[in-house]
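Common to both upcoming complexes is chain A, partnered first by chain B, then by chain C.
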Partner chain A sequence: MQLSKKNKGRVGATLCLITANLFTVTGLHAQDITDSTNNPSAQDSAESLNVYDQPASTPGTTTIDSAVLFYKEDGGRIQAIEPMVSLTHNTENDSVFSAKLTFDSLTGATPNGAAPWKSSQIFTSPTRQANGDDENEGSTGASGGTIVIDPITGQRTLEYTADAFMLPLDSGFVDQRTALDLGFTTPLTSGTKLSLGLNGSHERDYNSFSGRASIAQDFNNKTTTLSLGVNYEHDVSKPFFGTPTPFSVMSGDQKGPSQNKNVLSLIAGVTQVMTRNWLLQFNYSYGSVTGYQTDPYKILSVVDPTTGAPQTYLYESRPEKRTRHAFYAGSKLALGSYVTDLSARYYHDSWGINSITANMSEHIPIGDLMYIEPGVRYYHQSAADFFTYYLPSNVALPLYASADSRLDSFNAITLSLSGGYMINDQIELYAMVDAYRQSKAGQKDTLPGNNQDLKLYAGTNALSMMTGVKVKF
Partner chain B sequence: MKKTIMTFGLFGLTILLGGCATVQPWERDVTARQSMQLNKNANFTSAHEHIYFSKEASAGGRSFDGGGCGCN
Partner chain C sequence: MTFFLPVMAGPKGFIKPMHKKRKPVSHLFMAMNSPCDIQVDGDDVHLARELGALAEAEAHRIEAKYSRYQENSQLSQVNRSNGTPVEVDTEMMALLTYANSCYELSDGLFDITSGVLRRIWRFDGSDKLPAEAEIEALMPLIGWDKVTLGKNVVTLKPGMEIDFGGLGKEYAVDRVLMLLAEKTDSPILVNFGGDLRVSGPRRDGSPWRIAIESVEPDDPSAATLGIKSGAITTSGDARRFLLKGGVRYSHILNPRTGRPVIGAPRSITVAARTCMEAGIISTLAMAKGPDAERFLRDEEMAAWVLR
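Up next, the complex of A and B:
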């Protein structure tokens, strides 16, 4: 695992920040330990006023938790509405049964991978068949689609136009997703817990199934918990026009059959009660992804090496194997009814992507029944080895290439505010709002020729809101 | 080899952390609070993980790194 000089600097800065925080909390904590040692069974009055200071575990109860997530990207890009409902039953002997149903409805425009140009560009829509029952048949303009009928074959193809100087967006993105998750946790012996789960999701062009098992063992008078888990996922990609051959020319033709992807994930972690008020967690996760990982809807511009003018558009190509490693450290420190949550993650994968994530939030009690939690998250990733904004026409095609902005190098900042309010012992209302902003990291590339005014970076900004209610009985 | 080092590292860390633990069972009141849970609000957590998985290249660390959707 290699870190670039720049990444070493970023990782170092993040670790320094986290270390400084941990030293701070350790220092503060020495005082807390003294207090609790003097009076071990008592809570000071400041710590027991807020309802969120009550124990989380409530054997013999059932909880229904329902929420709706609203997600909206700037510039008319993706919008999603995601209602979800879950049922959790805690038995008297500490077993937990859970079921969660989630429904996603997505619409909007998404970058198709092509580079912008100084005149308008016409693309074939990959997401909608131009058949007789298409709701956008015959429509143009705002919906972005025009049906073109081949005079010889009679084949109907839906086309859309990207305006000059604008990032090409496919505005025909429409999808629904339904997901069901089932979970079961039970104590095997004193200090040992087994968790099992199943998950399945269905989209019109994608299915996913997974099963998981994990075991957690307490040590050291239940102050240390070691956990190990495995998850196996099988996905089926069945794009509307079939799966295109890598680097084939964009077209509305029917393409290849469905493709599969398998993901084996392992996770190992330690959770440690450091002091009466302080929890630490360390995790390592490993993922091995094999099979079809190309985005069947994404294309690349092949451009004139001198002028940058687009000559044709090819479907992208990604490796069929990817190995992921992630290291996570989290800390929760209570001071009175306040809780400081800090976490950091380092990620590396075999596609050449390195990333760091740092998260900080503060649980602030408000009166007896409420809390708010402002938070900030920083994320940085390097680009995949095969990421490129375009392919010059005078160079032989590489083995792999993608212009997907999610594989680009970028920074992201999230500012969040969440909170909860206990109406009574049984009902909690909660909400959160997140502002997410991506920005290009490192040098900004340009097309060949004098094209500095064409912006190639396709990152996004988004606002998400969630509101929910939890009822316990 | 890496996995072996990782496994031994985690066990070593467990023993090391266990050695510095001074918290008695009757002092677990604070860590048992709702506000101290590692996954305090499951819907907040799942919404964040779903959004970040669909907009960023990284996954895993906090939990399994599968996505369960065609969004990435």
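Up next, the complex of A and C:
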């Protein structure tokens, strides 16, 4: 043992010297050896590869990806099943065509914005039949509501009840969404890349259309990439009962016409290759939203200022303008087949929401054909300026108010695990599961009066799972 | 609702490849009885062709000078010298000096005078072993210590021959790579029949992917090595052996005994900074027979041994 230790690397070290000498003598400088093999450590100079080290796209190939996502919120809230299929074609001259079709089916209950109370609360909303809409879907007790017919006018309304002490949920939530996205990326000149895209989605009560364009330019021997992008989106909100007038009293009456929203987004980014194993990315995005941004299904409780008892329910009201700014920084560090991803994002908008997101994930190769990627994400946001759990009846109405839990202040943690397995050169199976847990950030508000046991915070926990298969040919 | 600029947006917006992969431009030719491949990872096809032609010319120059099969080669003049001193040029002298160092370093296991043994050992998968007398008759012609090196002069004993088989191709790979690297900054791969070297990682920082049959023969999908710098060579050939009385005689010959190495792995693949270093190490490891793995471990080499 002593002997072999003493001799360790003896042959290799001597060889190294005499080889360098050989090439000096024969007219090529020894320096070339070290220059052209910039890291002589054996581990670095050759390593067994995990198949996931390969780039995702290879010229002249077409990839079909199909997956299905299951999403389930705790407490019998929203459930969704989302199958999707996409097709990506990489041409020989480095252009990429992509098309993705997604179908969502959502059912379940969602908080309607009203505060809980010590006795049961009845909420009245229009029925679908009043609009001559689909007979089967808004009418049955399956959604938890009851059709009430006014014996005099014959008007049909939907009533649903929230149990005492429970957060009121609108349980008639059924929707399907179909979305199509088309993308095209092509190199313009060496180092310049243009991307164009179109997206459209259709729901029974919501249509969205958007177009995007971006340009990316490589600099410094492709170590720096600057990109600029623009996206324009036009949305139409058209609930079957129309769009309610802000702060009008919740009722079974038909409401106003459909409403539009336009979103203009600009993004500027820089990607910098720091070393051959390390990549940094920064971007800034600006968004300007104008038009109807109110949620037509959300209401607020108007409560007695001393007892907290609900007196009436008003439809919510949100500003018609929203300006958003987001800064993003990310780092990607590769050590062999291991890739560590770290990123942070700061967001601010004119509604007063500030948020930070911190994300970390680690890509871990397993054997030659598999990987797993555990990840954790932390998110914190402050509440919108006009967010409130209720409106006291003795105070004049503000300009805007919403009790939508998505505008509340909260923290969220997402734990995720994804993984993939290459069955062969062409077929990959992959799966993802993530658990999302939300909690109120900051002080927990209560209703006026002695109502500490009524929980106003409506945040949710959710679990999603996805599984898919990619076929490349 | 909106898929917004997926390339850039959002915390999950990172895509894995930094740059999309282009196929390197490949230049193929035959030299030294091997398929040769020069790959240039760059957009300039003209430059790639130029480099390919340069590589081909250099490979043929080395072959024409150091082949023992070509009658007019400088080596053939040495091998025909029959005991008289032969004047050689600086390059040949450097290679002979290198071989001398390897001989000393390996205690005689690496010996470029052992090629004559191939006259009697034919590894064709058969059971035809040479006779004892045949081996004994050749042994006086083997042994680098019988060679005299002077200043630009080499003297062999009558009947001795030099064979650059274990050195020439590796030397050519290193030379060609270094020549090309002087002409371009584009990443280059030089592969002469499986002995190969790269100038550095590919343009996008990724490794060159090389199929190596001998690394995992039972699992073709795992038979790929990634190499970002340095060289890889393979010694041994699973198809070249003799089989007699249940003993498998590998085609690796021990110059000291004139017989095949017993207990040698079927193949050894070694990664090192240069092709010459990798080649010598893999040859020496082979010659160590059953101790091949221990030798490689002690030398702290990245290696794949197939038994």
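FYI, the second predicted complex is superposed on the first by the 406 of 473 C-alpha atoms of A that agree within 3 Å, B and C clash if a C-alpha of one lies under 4 Å from a C-alpha of the other, contacts with A are read in each partner's own complex, and residues count from 1 in each chain.
Assume contacts are C-beta pairs under 8 Å (C-beta built on N, C-alpha and C of every residue); 3 or more make two chains touch, one makes a residue touch a chain.
Only a predicted model underlies this, so the values are computations on that prediction, with no experimental measurement involved.
Contacts of A:Ala403 after superposition: neither chain B nor chain C is touched.
In the superposed model, A:Gln438 lies in contact with chain B only, and not with chain C.
Residue contacts after overlaying the shared chain place A:Asp349 against chain B, while chain C stays out of touching range. When the shared chain is aligned, no partner comes close enough to touch A:Val303: not chain B, not chain C. By the document's definition of touching, neither partner reaches A:Leu169: not chain B, not chain C.
Once the two complexes are laid over each other on the shared chain, residue contacts for A:Asn424 go to chain C alone; chain B is not touched. Within the superposed three-chain model, A:Tyr286 lies in touch with chain B and out of touch with chain C [touch as defined at top]. Once the two complexes are overlaid on the shared chain, A:Ser190 sits against chain C while remaining clear of chain B. Once chain A of one complex is fitted onto chain A of the other, the partner contacts of A:Leu391 are absent, as it touches neither chain B nor chain C. Residues common to the contacts of chain A with chain B and with chain C across the two structures: 33, 36, 40, 43, 47, 53-57, 179, 199, 201, 206, 208, 210, 212, 222, 229, 231, 233, 235, 263, 265, 267, 269, 271, 273, 276-277, 279, 281, 283, 285, 328, 330, 332, 339, 343, 345, 357. On the chain C side of its complex with chain A, the touching residues are 1-5, 7-23, 43, 90-91, 93-95, 97-98, 101-102, 105-106, 171, 174-175, 177-179, 181-182, 197, 199-201, 203-207, 209, 221-222, 224-232, 271-274, 276-277, 280-281, 284, 294, 298-302. By the touch rule above, chain B contacts chain A in their complex via residues 3, 6-7, 10-11, 13-14, 17-18, 20-38, 40-44, 46-48, 50-52, 55-70, 72.
Interface residues of chain A facing chain B in the complex, by the touch rule stated above, are 33, 36, 40-41, 43, 47, 50, 52-57, 65, 67, 69, 71, 82, 84, 86, 102, 104, 177, 179, 199, 201, 203, 205-206, 208, 210, 212, 219-224, 226, 229, 231, 233, 235, 237, 263, 265, 267-277, 279-287, 324, 326-328, 330, 332, 334, 337, 339, 343, 345, 347, 349, 351, 353, 355, 357, 363, 365, 371, 379, 381, 384, 406-407, 412, 418, 420, 430, 432, 434, 436, 438, 460, 462, 464, 466, 468.
Residues of chain A that touch chain C in their complex: 4, 7-12, 14-16, 18-19, 21-23, 25-28, 32-40, 42-49, 51, 53-59, 90, 94, 100, 179, 181, 190, 195, 197, 199, 201, 206, 208, 210, 212, 214, 216, 218, 222, 227, 229, 231, 233, 235, 263, 265, 267, 269, 271, 273, 276-277, 279, 281, 283, 285, 328, 330, 332, 339, 341, 343, 345, 357, 359, 368-369, 377, 424-425.
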